[in-house]
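Pasting a structure here, questions to come.
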Amino acid sequence: MNHLEFRNVSVAFGHGPRRFVAVDDVSLSVPAGKIVGLVGESGSGKSTLARAAVGLCEPSAGSVLLDGVQVSHARGANARLRQRIQMIFQDPSSCLNPKLTIGQSVAEALDAAAKRAGTRTGRAQRAAETARLLESVQLPAARAADLPAALSGGQRQRVALARALAAAPGVILADEITSALDVSVQGSVLNLLRHIQRELGLGILFVSHNLAVVRYLCDEVAVMQSGRLVEHGETMTVLDHPRQDYTKTLLQAVPRIGEPLFAPATGMIQISEGAR
Amino acid sequence: MTTTMSALPARAPRRPATGWFAPGSWSLFAVRRGGRFLVAIVVLVTAAFLMLQLIPGDPARESVGATAPVEAVNLRRHELGLDQPLWVQYFRFWGGLLTGHPGTSITLRMPVADVIGSRFPATAELAVITLVVVLVLAIPLGLLAAALTRGGRRRGLELGFTSVTGFFSVVPEFLMGVGLVYLFAVSTQLLPVAGRGGPTSYVLPVAALSIGSTAALARIVRAEALGVLGNDYIRTARAKRMPAIRLYLRHALPNLMTSTLTIAGLFLGSLIAGTVLVESIFAWPGLGMTIVDSIRSKDYPLAQTLVVVYGAIVLGINLVVDVLLAILDPRSTIKES
Amino acid sequence: MAARSTGSPWRTALLAPTGLAAAAGLAVLVLLVIFGPVIWGADATTADPLSLSQPPGAVHLFGTDAGGRDVLARTMTAARLSVLMALAASVFGVLCGVVVGSLPSVMPPRLGRAVVSIFNFAIAFPGLLLTIFLSVIFGQGATGALFAIGVSIIPVYARLTHTLSSSVGGRDFVAAARILGVGKVRVVARHILPNIAGPLIVNASVTAGGALIAFASLSFLGLGVQPPEFDWGRMLNEGLSKIFVNPATALAPGIAVVLAGIVFTLAGETLARATGVNPGLTHRLPRWIPRPALPAGNVLDDVSGNASGDAVLRVRNLRVAVPHADGWREPVKGVSFDVGRGEVVGIVGESGSGKSLSCLSVAGLTDFPLKVTADTIVFDGVETLRGEHRPAGVSARAVERLLGTRMAMVFQDPMSSLNPSLRVGGQVAEAGFIHGGLTRRQAWAKAVRRLADVKIPDPARRARQHPHELSGGMRQRAMIAMGLMGNPALIIADEPTTALDVTVQREVLSVLHDVQVDSAAAILLISHDIAVVTGLCSRVLVMYQGEIVEEIATADLVAGRARHPYTRALLAAVPTMDTDRSQPMATIAEVPA
């Protein structure tokens, strides 16, 4: 069982007049074995929510639970439990330490998992495990000795996935992991993620601004706007029959291949962008 | 955060742009920056006070010398106020500074305030003239070098510029001073080398102080300018096909001012330090000679006050630079708060 | 885009002139430090009462000082003390500084901020001043000076370490390590310090040079090394008073200080190149073999295209070359296309396909050292490029004016394409009085009208604001307004909405669309997003590795009539709102960069 739950989570930055609420009272659950898509525009708080789950920032109110155990603001055993939530980031150029070989990066996660389990892994065992993980993300095991600079963007994202898997996770948070990749590479990363998720029965929170990608990959979709969760449901239900106006606006704005964006010669501008 | 567009501040609830202590407002900036200046002054004065306490051994004994009789030591201890409890000494120190009577110099046998009053103008003059010379020369030089060598053009000029400025920025002010004395006084006897008198007496001290700084600042201005010229908005400006002079002065220069001013502030600080050396070479009757003499002769009251004066000058420069930055670059007040 | 030599960066850096000079200088310094006092020590201290303050001569190359001692011997002997003291102070200051600067990354945030504010306070004071203050405490003498200089280095290095570690600490791999539960100290040791070691080492060399000079300064002031010990600063102090008698007594140690300082600086530069902190001087460009321009009237018109004979833009065999160590490479390899008047043409392709570079070249906005050649580029009836240059008979001024008024540009990143320190209105108005013959006041009024045309609410107020006060969508619209100050025949929009949210994207695209309809300007839209291109354009150019692999009408592309396999693969790889969720995504094999 690996069930991630956000219960009335708020995240605020700053104090006094500069206090800024990035996430406002969000409750969301990522059931074991499901991919939940989290969509919204920049500044909607979707990434902040994901970061709050792993402790890169802590909720200012509410709590994050894994299998019913509170892991936010946790110490000791619960903090170790939180390591079963792993995260993959957007930028392939910054996701790996440029001074460590990709084998070392993966091994670090293996060590963390071993430490959590209270076991010790020998050098040979660790090397074998690293090789197996690299192969599971379709990279030759021999590349373990390479530095990240020798890898393409898509390959680095796959190493990041291998590193997350090495930590024996129950839930993976994927934060815009294909946004910086070309479409040709995006497809293979999506296929890989889906394949591994099905094989290991992981829960995934897939944060993205790309509705088409979320539609393809996710079982459920949650929509965030200005820090609040506005709609959540089964993917095809939400996308085919959105209930909220904001979700409808988002869906209408997505350009579709083969559909002209504008009827010829009619200005249909609606200034909805507020002054910032 | 998603990095498609980092719009974090954009989502902050809107507040009126005016009003007291609104984020980014002038009043908030003034209060914060002024507060920081005051805290820094308190720390500076406390540090200057503690300096005397931190001297290993007995400052009174150090001050009168190892061979002096015990009575002399005790007298000196009384003179320095070291026979008082620590907190009394501390408040006396503050009292002296605030009332403008920070004690009497031991060696010069005259009030510290008078010493500083008579010496300060000479140092200030030297520093201000030098700064003006440095800014007037370095900024156009650096900008011109950047314009001519941007994107790897004119490798020869780039090599020449970096070598010459690199050489002069390595030579410290006092060596420049010694070299200038040799060139203009020993071999050619063109210019006076000591003392403060007519306009010609300023030439060598100002040159000694400014050559190295000009070279170093010109290098930095060029590097900064190359950075600015690589920005997208310069490409936008080029797309308007404007004359080159307009491109550099109107579109590049304003964006250069923030970093240049910040660095110029640091330079002014080190110029103040450089005056100490240059004054001692050219027998310039300023504070620099005084502080060196006071340290050498263990004239602690004078040294302590001079530390506060020099420190306050440096902090004042930082304050002025920050205020100027806030005026020139409206974004910096926002960053500040 | 500068050319780089092949081989290891250390080798390259060492074999460069600066590298060789630095290595030779360091070798001399090391030898002097070890053997200087052994060889010249006796001469340096033997006073010769018969030859006091002698000028340079055959026996004493630099003469003698006031005590009758050989100046050259003393200068050589003093190297050991001068260099070792400087190194000791630097090592002490740098090590302590790195430790202090790493503390905020390890400590609880509040305590860390306190440490940062302490060294930020200390750094406000110039090093030499701090050193002079500290020498009050430590007293005059070599040890005192050593500690004073060492301590004054600490805040500088602490801040450098802190600044560098903060930037590395914000990167995702550090976040990943924290999520794995790696301890704070281990994060600093394993993930942060190795990634900032380069700049730290480079600066250590510069710091050592600074310490050498600081020592000389202190000794010169009489606050450093005390007699009978002597270093270069002390010798300068003694020599200055005798400068009229024997200038060499002051000049010899002075030259020594400057040379040693230069050696440390050169070593720093060499290290900077070797560690990639600073690439140093640009390399010599590879030899360029000019391609002969075709004679006038002989341009092959091989592009069929859908554009009518009256094209607003005609590009033939456009090539862009970028210098590399092994010669020129061509990211754009012979591109030909037309854009008809009022036509909306899209260019799609992935990163590195050359689509942006092609358009920048057409607009004449590529910068040195890129080489742009074409059989011909004709814009709005004027040939702007033939071969490598503007054709004879077309004045530079005329081309500038033409491009400035008839071609508009919209770039990708609205955050950076407007000048942050100028008002929006002024930036829009500029085009009006540079080329349009308007006064500043008229241009401003026209700019406000143009801002209104692109649907910016309250344009008069917005015109007076700076770019950071506008949202991303508004800035992109301001860019469009800028282009409308002239009378554009072509708008080149290079990924204009990539950085924007979908709802904002639609607004900006709709402004572009309206402008095209109202002004009959043609649009060349570059995008990686096929949906955007097909939604707006009537014709699409597909670019792949510097070439246009297919030119196709949007209707044909949408109907699945693409001929080139790359076009078909690209179309299939894009997830859409109709993609079959049960099937794996179509993929394209990665091309090695």
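In order of appearance the chains are A, B and C, and numbering begins at 1 in each one.
Here, a contact is a pair of C-beta atoms (placed from the backbone, for glycine too) under 8 Å apart; a residue touches a chain by one contact, two chains touch by 3 or more.
No experiment lies behind these values; they were computed from the predicted model shown.
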| item | value |
| --- | --- |
| Furthest chain, CA centroid comparison against subunit B | A |
| Closest chain to global C-alpha mean, per-chain Cα centroids | C |
| Rounded Å distance, subunit B centre to subunit C centre (Cα mean) | 28 |
| Between subunit C and subunit A, distance of the C-alpha-averaged centres to the nearest whole Å | 32 |
| Distance from subunit B to subunit A - Cα centre to Cα centre, in angstrom | 49 |
| Of all residues in subunit B, the ones touching two or more other chains | 4-5, 7, 10 |
| Residues of subunit C touching at least two other chains | 471, 501 |
| Multi-chain contact residues (two or more partners), subunit A | 42, 90-91, 209, 275-276 |
| Interface residues, subunit C side, partner subunit A - complex | 171-173, 175-182, 190-191, 194-195, 350-351, 455, 457, 469-471, 473-474, 501-507, 509-511, 513-514, 517, 528-532, 534-536, 558, 569-571, 573-579, 581, 584-590, 592-593 |
| Subunit A to subunit C touching residues, read off their complex | 41-42, 54-56, 79-80, 83, 85-87, 89-91, 94-100, 105, 108-109, 112, 115-116, 152, 154-155, 160, 163, 167, 182-188, 190-191, 194, 209-213, 215-216, 239, 249-250, 253-262, 264-265, 267-276 |
| Subunit B-touching residues of subunit C, taken from the complex the two chains share | 2, 121, 124-129, 132-133, 135-140, 209, 213, 216-217, 220-223, 236, 239-240, 243-244, 247, 250-251, 254, 257-258, 261-262, 265, 281-282, 284-285, 363, 365, 367-369, 400-401, 403-404, 407, 409, 411, 413, 415-422, 427, 430-431, 434-435, 466, 468, 471-472, 479, 482, 499-501 |
| Touching residues on subunit B, where the partner in the complex is subunit C | 4-5, 7, 10, 40, 43, 51, 54-56, 62, 150-153, 155, 158-159, 162, 166-167, 170-172, 174-175, 178-179, 181-182, 185-187, 231-233, 235-243, 246, 250-251, 254-255, 257, 266, 269-270, 272-274, 276-277, 280-281, 291-292, 295-296, 300, 303, 307, 310-311, 314-315, 318, 329-331 |
